[in-house]
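In what follows, subunit A forms one complex with subunit B and a second complex with subunit C.
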Partner chain A sequence: MELLPPFELLRPTTVEQALAWRLENPNSRLLGGGTDLIVNLRRGIGEAPQALIDLNQIDEMTVIAGDGAALRIGASVKLAALAAHPLVRAHYPGLAQAAASVAAATQRNMATVGGNLCLDTRCIFYNQSEWWRASNDYCLKYGGSKCHVAPKSKVCYATFSGDLAPALLVLEGEVEIIGRGGRRTAPLAELYSRDGRDYLSLAREEFVCSVTARAAPGLRAAYDKIRVRRAIEFPLAGVAVALARDGDKLGALRVAVTGTNPWPVLLEETAALCGGGVDEALLQRFDALLKAQLMAMKTTFTSGHYRRRAATVLARRLVRRLFDGGYMGETR
Partner chain B sequence: MATEVKELKWIGKRPIRPDGVDKVTGRAKFGADLTLPGMLVGKVLRSPHAHARIKSIDTTKARALAGVKAVVTSADLPELASEWVPAGELQINFRDLSSNILARQKVFYDGHAVAAVAATSAALAKQALALIEVDYEVLPHVIDVVAAMQPEAPLLHDDLFTEGVTPTPETPSNIAKRVEFARGDLEAGFAQADAVVERDYTTKPVHQGYIEPHAVVASTSEDGQSEVWCSTQGQFSVRFYIAKLLSMEISQIRVTPSEIGGGFGGKTTVYLEPLAVLLSRQTGRPVKMVMTRAEVFRATGPTSGAALSVKIGATKDGTVTAAEATLRYQAGAFPGSPVQPGAMCAFAPYAFETFKVVGYDVVVNRPKVAAYRAPGSPIAAFGVESALDELAKRLEIDPLALREKNAAREGTHAAYGPRYGPIGFVETLQAVREHPHYQAPLGPNQGRGIASGFWFNIGGESCAMLNVAEDGTVVVVSGNPDIGGSRASLAMMAAEVLGIDFERVRIIVGDTSTIGYTFLTGGSRVTFATGMAVVQAAEDVVRQLRERAAKVWEISADAVIWEDGQAHPAGANAGEFEPLSLRDIAAEAGKTGGPICGNASLNAQGAGPGFGTHICDVEVDKETGRVTILRYTAVQDAGRAVHPSYVEGQLQGGAAQGIGWALNEEYVYDEDGRLQNPGFLDYRVPVASDLPMIEAVIVEVPNPNHPYGVRGVGEVPIVPPMAAVANAIENAIGVRMCDLPMSPPRLLAAIDNGG
Partner chain C sequence: MAKYHVSTSINDEAVEFLCEPQQTLLDVLRDELQLFGSKEGCSSGDCGACSVMLDGRLVCACLVLGVEAEGRAVETIEGMAKGDQLHPLQQSFLEEAALQCGVCTPGILIAAKALLERNPNPTETEVRYWLAGNLCRCTGYDKIVRSVLAVAEEMRGG
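Take a look at the complex of A and B:
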């Protein structure tokens, strides 16, 4: 393992203190469970920070609260706790499925919801040792000027691979953000920019305090991911679907995908698919939507085309199962 | 046979392993756990290029950095002549080993060591590496074995002329060696066949994947004595290699093996150990070196990737009339792939009369390969066992019946030369036939495959020592690092011979100065060969115990027998005495002639060849190409399972590694020959949730050359899985996969192409 650079560890107990320290230490990084951040720091990815601000001691950020209609999840809640929470399992099974599918048990015991939502984007040319990146002239995402995935590109294609974001996006996820102006909320989709390099739209000092999910009556939601191994594996593609039936017709459909684009994609134009039954013709239109909005870039060892195709397969299966009232349960 | 007549007390039981508690409590000391006063940290500078000439190395700035105590390059290593010596299951050439440890004129792969530093902290050592200036002239490289064999391929070594062809070629090439094993008239054999299958296959290099990275501490004193602590499969090999590489006398070096976190063949050679000694010699301080996982992947030996061609013909009744295989194995940067054993193993399970196997050892710009469980055999078996499956289908014969029809038995003239003694191949096939798994129903997109495998197993030199303590407990000293539970089985054999409780036997792995030369832990030899030495040393103790009892009773030693841990008079004529226990005799040992210590040293002959047959059920997701292993049964002839749990563990572990090899493990190199996935996240060994409980079925056909009938068991189980999985996939969806790994994207592409 590579050496961790020296840094100061700050442990605020309130969001105000966290913000104050964040403002005082412009060259600081936020620490959730550290399961991504520490790996990257050891590899010399990103500037070595003067300080890490540990967000795990702030009470309000460690709470899950709500009911079958809405759920507020503190950003420092551990994924293992989220996956096991009775309320989540009963009413938000897609969320529990997503949390339980992250990495492996040891990581989930440390990893936080905020860290998962703010997970750095990933790429073959980025998640490598300092030595490796040096011998490849670094890359557009960090330290270099060229994108090795798309050499002419001005934007970075590093892929967002967090499992929770899609599951929350289809449940109208909303993030609560702490910043200079106090608290603000924003739709989760707006947390993300469209560039793999500066992948979050947060201001320098801002951080995520909580995320809220909503479940309308009759909504059925589920998450599934394709991976080579059954654990310790980022999603080659991960798909969340939430739908509602209107008799034998599709009444509402929301679909979100991770592992393909530099941001978690909340599929657009799904409303156009509603109003009819779920048949092969509809699924083909669905395929076309996915194909148009998902990227197929070679940012992982598994080709982009494969990942996009697998996402389509998963999405179809989830839509069919949820529509047919499959075993994944309803959000209420 | 001894095993059938005697009632055994310990052999075949399942006591708790002696190393168990320390391992589960975290107390066990592995390679990186030792710390000495004044210790420095050593680190290695590695090549960023797959193939380059080193024009110059300037270490001035690194040396000038405060805290840096030494910087070494190949100029600090003696130049050695080319000399091949046996090294476990492979051969080793010291000139090449030296150039692998620190590159000389050229670097041959991404990650090749070019310099090493010792500094007072890891951070300083890292900083020092960055200050070493290496001027490279980058050369064209080649990493694919078939490409490397072409005349126009970039040449790695301009003094490499193919061995094994006459006349020896006049131009150098990347083909280091050609080997051939043949018998009978091939053309006539194929002419008799009613069906012939001919296919090309490829396999990828795969890493042993031991969890513990290479680690060493070396301490050299002013008088030139060196002490070395490291994670290795063979402390005596490490001692010998260091002596050779650094021109030292063997007795100046003392190597202590740490607890070992996996080896699988990969820790039968050296990488860091000579460097640590060299750095320690130059600084006069202890030096610790530990590899990162990326270094393990970039610079330590996987097994070969290969390209094979296999052709097998048979008559309608399934009798194979001719078989032919061409094996092209990557050796990595220096000659020495396991193609020879691969060629010997290819047809070893079968009584084919007419066959030809040709093998090529080919250098490429990748790390030098190292031994990996049954080196060479799994690669050949993937081709042969896949082809047999296809042949069975073509002939409409049950694949098991095809194997039964052609199986080698006692007396069969093995394809690689000798005649087999008692072997258990047919018994494994029979056990498969009788196992409920073989008949269990399958659902849609599910399939079943079987495949068999062979490994020689070896014997060789071993010592063992048994010291009887004053209270009658016993300490066994073995010379083999324990990577598979051998401490348990050796102690059990000692307890068996002495007739005492297993708990009264304590066993340790000795360092090179406390026990006599013992060949490394490899070739599935330890329970067989060192086991034999332990049995003999225990018998030596028994002889002495009888003599001591005779002395006490004042009768002749011949009149004393040893039974159930006690000396008894041999019969009524010998006189009437109360039996003397080991405890009694030990307490009086001082008065009857001094401490009791048994010894044995031997060169074990007659290792028992090992055979296994595996059954694998898969389900294929035809839309994603993902394969799920539903059920897996591994059957193997163990000769005699001393500790069945650890035999089962070997079968399960081998099958798990084979499944990884079959489905997902591969090195991804970019255009520049740089390894892109030097880590466990993207080099995908299977995790627990990818595997079903692997059922291990032990068949016992005793090896007559071992007191308890032991054969080696550690290597055979990695031989069948690749073909078993491929055959199961074919059975499930009718798609024949000839290229490994059969990962989801590859399988999906094959499904798209209609197989």
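Take a look at the complex of A and C:
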């Protein structure tokens, strides 16, 4: 069994203290639930940090607040708490579904909202033990110079597979980021670069302290995903849809997809699909948008082709069901 | 690196220990406190053999740092039986032969107890979903699920 490398553990109780320690320790990593970080540290993935900064003792980062129109979620809120929150379940069902669908109960009890939004990108050539990666000459994402998924590629295709990002992207999600210049907010989509290696667009010291979502009146939203085992595992494809009906016409449509690209994709040009009914002709145009914007590569044991098809089927199904009757999805 | 002094409660008993920051709660339980009931399977949160309760929440002890137990209440398999009195789940696992090699058993018992505490009337599907994070390579789950459902019924007074 691989051991964790030595590090110092810092436990700030305010955002400002966390930032100060982050600035003092440029080679630090942020600890949320640890359900991905601890695994990766043990496997020697990424630089061994001098310090871990535990973000779970900061009160303001553990709060869910808001109403049926707008919601603010602290980055250290546990996924189990988000999934079980009455306000979230009542007014943001797609978000509750996404949180409830992450891994298994043991992970959801520790894993945090910020951790899931900033989840490291994944690839079968990367999420492996040290000896496995060493014997394969490492890879472009960490330690090597060659991408084994696309050998001629100059960019890394490791896949983003967080479940919350798509559910928040369709609800106009915005992140609150703290850094050297104080606090700033940015659309959630701008949190992500489009490179699987340096997948976040944050400065070295910056971190996410909360995320907001909005539920416009009449908006129906849901999340669903496909994975190898239905009750545990990262998504092979996950889709969030939010739509509004205008009589018998599609009034608004937002779609976001995880598990395919190195970033969570907020589908572009969906406005062009609005204004008519939901019929097969519309769904075929929808398929074409998805096909053009999703770029699943062979970063999992299933083929990229399969994951793109799976995302398309899920997206179609959610649009139809939400349009027909406010589908609330699987609950458990 | 300096050791951390941690004050915690383990199975309702106040416990203090010293640990290094990189020691997980599982390392502490096994190596420092000689509580060998929680097992190390995968060390990556996949197998659930190290499942323990932390402040009433089911977690993988291999992914929690020992320092994170500061001020919290930890429950392990060692606290499940009260003296010679086995917990109904333990008794049922024996009666239904819901174990073979036994490595996954402590984690599954802790997870099953956590389920029945929050949902005393689970369906078979709910039991299977809840225990999805606990892998068993011997018994094939059927007897485990049957045991949990039998105890749920018994505890409801059925």
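To be clear about the criterion, the second predicted complex is superposed on the first by the 325 of 332 C-alpha atoms of A that agree within 3 Å, B and C clash if a C-alpha of one lies under 4 Å from a C-alpha of the other, contacts with A are read in each partner's own complex, and residues count from 1 in each chain.
Following the convention adopted for this analysis, a residue touches a chain if its C-beta (ideal position, glycine included) is under 8 Å from a C-beta of that chain, and two chains touch if they have at least 3 such contacts.
In this text the structure is predicted, and so the values were computed from the model without any measurement.
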Three-chain arrangement built on subunit A, subunit B and subunit C clash or fit: clash
Partner chain in contact with A:110 - subunit B first, subunit C second, else both or neither: second
Partner chain in contact with A:258 - subunit B first, subunit C second, else both or neither: neither
Subunit B versus subunit C as contact partner of A:9, first or second or both or neither: second
Partner chain in contact with A:52 - subunit B first, subunit C second, else both or neither: second
Partner chain(s) touched by A:124 [first = subunit B, second = subunit C, both, neither]: first
Touched partner set for A:232, first subunit B, second subunit C, both or neither: both
Partner chain in contact with A:270 - subunit B first, subunit C second, else both or neither: neither
First (subunit B), second (subunit C), both or neither touched by A:35: second
Segment of subunit B that clashes with subunit C, given the candidates 131-139, 257-265, 725-733 or 743-751: 257-265
Intersection of subunit A interface sets (partners subunit B, subunit C): 1-3, 104, 229, 231-232
Subunit A - residues contacting subunit C, complex: 1-9, 11, 31, 33-35, 38-39, 42-43, 52, 54, 56, 78, 80, 103-107, 109-110, 229, 231-232, 332
For the subunit B and subunit A complex, residues of the former touching the latter: 46, 48-49, 122-123, 126, 292-294, 623-624, 626, 664, 668, 674, 676-678, 680-682, 684, 686-690, 743-745, 748
Residues of subunit A that touch subunit B when the two form their complex: 1-3, 104, 124, 128-129, 131-132, 134-136, 226, 228-234, 236, 300-303, 306, 309-310, 313
Touching residues (chain side subunit C, partner subunit A) in the complex: 1, 4, 20-24, 40, 43-46, 48, 51, 54, 57-60, 62-65, 67-68, 111, 114, 125-126, 128-130, 132-133
